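The data blocks that follow each hold one structure.
What follows is a pair of complexes built around subunit A, which joins subunit B in one and subunit C in the other.
Entry: the complex of A and B
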């Protein structure tokens, strides 16, 4: 068993981080599914969530779990506001080249938020208090309790999100918009308002992921770049816009990276997920779950 | 076709973001007498990382220290009867951004000499621009051997180089009696250069080692740390990382119970160990950490050192690390060279730099320039308390200035 423990440790670590990136990828999918845009500022909502949680737990001295809730609320409302301010021209026929507009506006927002964070919070790294201290000794492997709790909260948030999407009126309406925006509007769904809510939901999932990983990976202005790229890999791998794809994609990335690290070399850890992405796109160009149906 | 265009645009933008061009801050700061015409001022250039992927902390420190030196010199009457004016550009620690920052300093600001930079990858690209335009360039804090090994006559450096660093690290490893060494290094020129040199020297001395080079954007080092300790029991882990990475390695190695522990020590190679962020980011994990620096207040350097340290702290509210001291030295060297040359012609400044024998902050006058490199000392310290100030850390090595022996953690 002792021979297996290094492999087990790698796998568990990969799955813990994978589940939190999964949360972020799901947020990206929700935004893509409903608004049909790729949010290039997703990593910055992750960063803002981490800062919100940091200030609540470190500066105000509240429990880190309270920091996560504040981060979720703050990034949700910020997301809603940003969608209303910057993305509504897309649906009011004010812009001619909608895809380019969405791409440039979210990319510009990303640059703005990074530079704003540099100016407001400074370039120095901060560390939010761990969700819980100590380690969990399972005999064969020892795990950091903070990381395990972060992964459990991430899974709980994923399940809540799936419940909202599949079992509530809001979810049904969002799915309807994702299938046909115009028809759902004719049916009486306020697509404009729900578009803002969808962006807010997506942003708050990135914010939650940032709040969960802030204590693990430090808080600083450019912290969102790598998780955002991982999320892009996950959603493309699982099929753009597929919720199932985002969840399975994140687990697959976590597994593949861990196995690659164990059997090949830890030096090329990030290469493995890109390699699997290339292979899947070669053989299944539409991704693992093919097609861009949001509720697939 | 339109989709392909959009995808290409998206891909280019993503690459730009990855390359760290995300934040394009460019700053210029100069003496109050900025005239613009160049008649009353001597323009010198400063360069360093103010935005990621470089270390903004390091770049800001270099900038503030160079400005402090400029202000000090101007207060004493300037150089050749003129005030010095500093133009500082952001290199983001990346080769492409560094080269364009150099172009701007030389072509637009028309500086007579340049100093700064804290990342080898960027410095190696920047020296090519300096060489092409024959502008004297003193590298402040980039350690790659290649910077001065290329033999460019207008390129100088005040920081230690990798050969010296790795030689001292192996000397410390031998001195402390470590038998098995693990190396975790970032994939920068500084990191890779050091790993190669360390591997060669450890092989020559028959000291077993295991090494891993990682992407400098990595945040989760648990896989690498687990791999380094798989079937191998290192006595010391050499953490050859800078910026966020070096803190995360300390934090995550502590969480795993790997190091610093009773069985395994950890040495941090970058300047970051002396920043206050080490306690903010690693908490108690940095207790017992061994780190190196070419400067420590317990080991006296020159008479200029303490006044500069005091002035820097008063002005910026935080203590300078050795990077700031080296940056300050670059301006002293330039001012001295311009004075002795009696001219602001780049070729004459270069010639004067070759002959410089100056009392600096980190090097004594009699040493002079050694193959375009003023080599400062290198000290090994250990934090023995949580939240300990770098000034209170104990010096372990070299033996002639050591203040304590290595303190081993209880578990």
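Entry: the complex of A and C
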């Protein structure tokens, strides 16, 4: 059994990181489903969430868990504001090439936020305090309590999001908009307002992921790039727009990464998820849940 | 109930409606007929705010509604049955109906009561309440669309080609239901290509040609010289 414990530790680690990636990928999926745009600035909301949480716990001296909630609120409102300011021309028939507009706007926003963070926070890596100290000894493996707490919070947030999407008026309306925007207007749903809320929800999930992973990795202006690329990998391999795909895809990526680290080499950690993506798309070009809709 | 006066509207530089005026009287089924491209569907879209008129006024119960965003019209008591299939395919039938009650979503007792009311009227929907709406047959989808439109108790319903794509038997059923609605006191403004069938159910008919009203009369009158009217469309 003892020979297996490093493997087991890696697997658990993979699931922990996977559940946090899941938050980020689900955020991307919500934005894609409702607004039909790919948010290229998703990684920067992750970065801002990490900074928000870092400052709440380091500068203000509050508990790191409080920092996570501040990060969620801050990125939600920032997301709503940015959507209102930059993306509403998409729905007022002012823009001729909507996809290109959304691509340029969100990509530009990404560069802007990175450089703003460089100017405001400086280029140096900051290490955020762990959510909680100590370890949990399971006999076979020992886990850091901070990581376990981060995963539990991520799972709780995922469940809350799934509840909102599947069981509330807001979620039903968001799913309706993602399927048929004109008909939801006929129902009296203000798709423009809910679009801003959807962007805010997507952004705050990235913000939460950043706040949760800040203590695991480090906090710096371009910290969002790799997680953002990974969430793109996740939603593509799980089928664009599928909620199920986003969640299972992130667990898969988390597991494959840690198995790769264990059996091959930790140096290529970021390569394994791309390998999986290539393999899945070779055999299932529509992704794992091909054809599945946004609400599945 | 609904007064459209001197409306001009179109898509981009292409003008479809030219100084068009008509009205839909309370508790009546008003039918719009005309050749393809006459602007029938565009008129309904303009009334509902999907197309913004460049000129003219649209008044509903005396209140100006032109230029209002579409989502505000549901709250005023106007419903719209689109020509194409418009159920939310990946929502359940019950969720589809619920969204019909969006304008009074905070009153959960009333929402539940309206849903029950619709289940009574359309029993097939109750049987399939937790199935995805996308899995239903064409006729059942149409019934769900009608039930969903009725959820908030609208005063006026715009109807675009209610029988498009349906079998004659189901089309008849749809007309029967629409006729019942009129008898219950709902005003209907309907566009239809299936003239022979729909004219028998209407009260008043407008003929549209090139974005204008070319004639209007009581339904039974136009029924008599329907042949002439349709032949006149073939001339241009």
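Throughout what follows, the second predicted complex is superposed on the first by the 295 of 296 C-alpha atoms of A that agree within 3 Å, B and C clash if a C-alpha of one lies under 4 Å from a C-alpha of the other, contacts with A are read in each partner's own complex, and residues count from 1 in each chain.
Just so it is clear, contacts are C-beta pairs under 8 Å (C-beta built on N, C-alpha and C of every residue); 3 or more make two chains touch, one makes a residue touch a chain.
None of the values given here were measured: they were computed from a predicted structure.
When the shared chain is aligned, subunit C comes close enough to touch A:186, but subunit B does not. Of the two partner chains, subunit B is the only one touched by A:111; subunit C is not.
Contact with subunit B, but none with subunit C, is seen for A:123 once the two complexes are overlaid on the shared chain.
When both complexes are overlaid on chain A, the residue A:99 reaches subunit B alone and has no touch with subunit C. In the superposed pair of complexes, A:151 makes contact with neither subunit B nor subunit C.
Of the two partners subunit B and subunit C, more residues of subunit A are touched by B.
Contacts of A:161 after superposition on the shared chain: neither subunit B nor subunit C is touched. In the superposition on chain A, A:169 contacts subunit C only, with no contact to subunit B. Residues 6, 9-10, 13-14, 17, 38, 40, 99-100, 103, 107, 110-111, 114-115, 118, 123-127, 135, 142, 144, 216-218, 220-223, 225-226, 229, 232, 257-258, 261-262, 265-267, 269-270 of subunit A are the ones that touch subunit B when the two sit in their complex.
Within the complex, the subunit A residues that touch subunit C are 169, 172-173, 175-176, 179-180, 182-191, 293-296. Across the complex, subunit A is touched by residues 48, 50, 69-75, 79-80, 82, 86, 88-91, 95, 98-100, 102-103, 105, 148, 152 of subunit C. Considering their complex, residues 2, 6, 9-10, 13-14, 17-18, 20, 22-25, 50-53, 56-57, 60, 212-215, 217-220, 222-224, 226-227, 230, 244, 247-248, 251, 255-257, 275, 277, 280-283 of subunit B touch subunit A.
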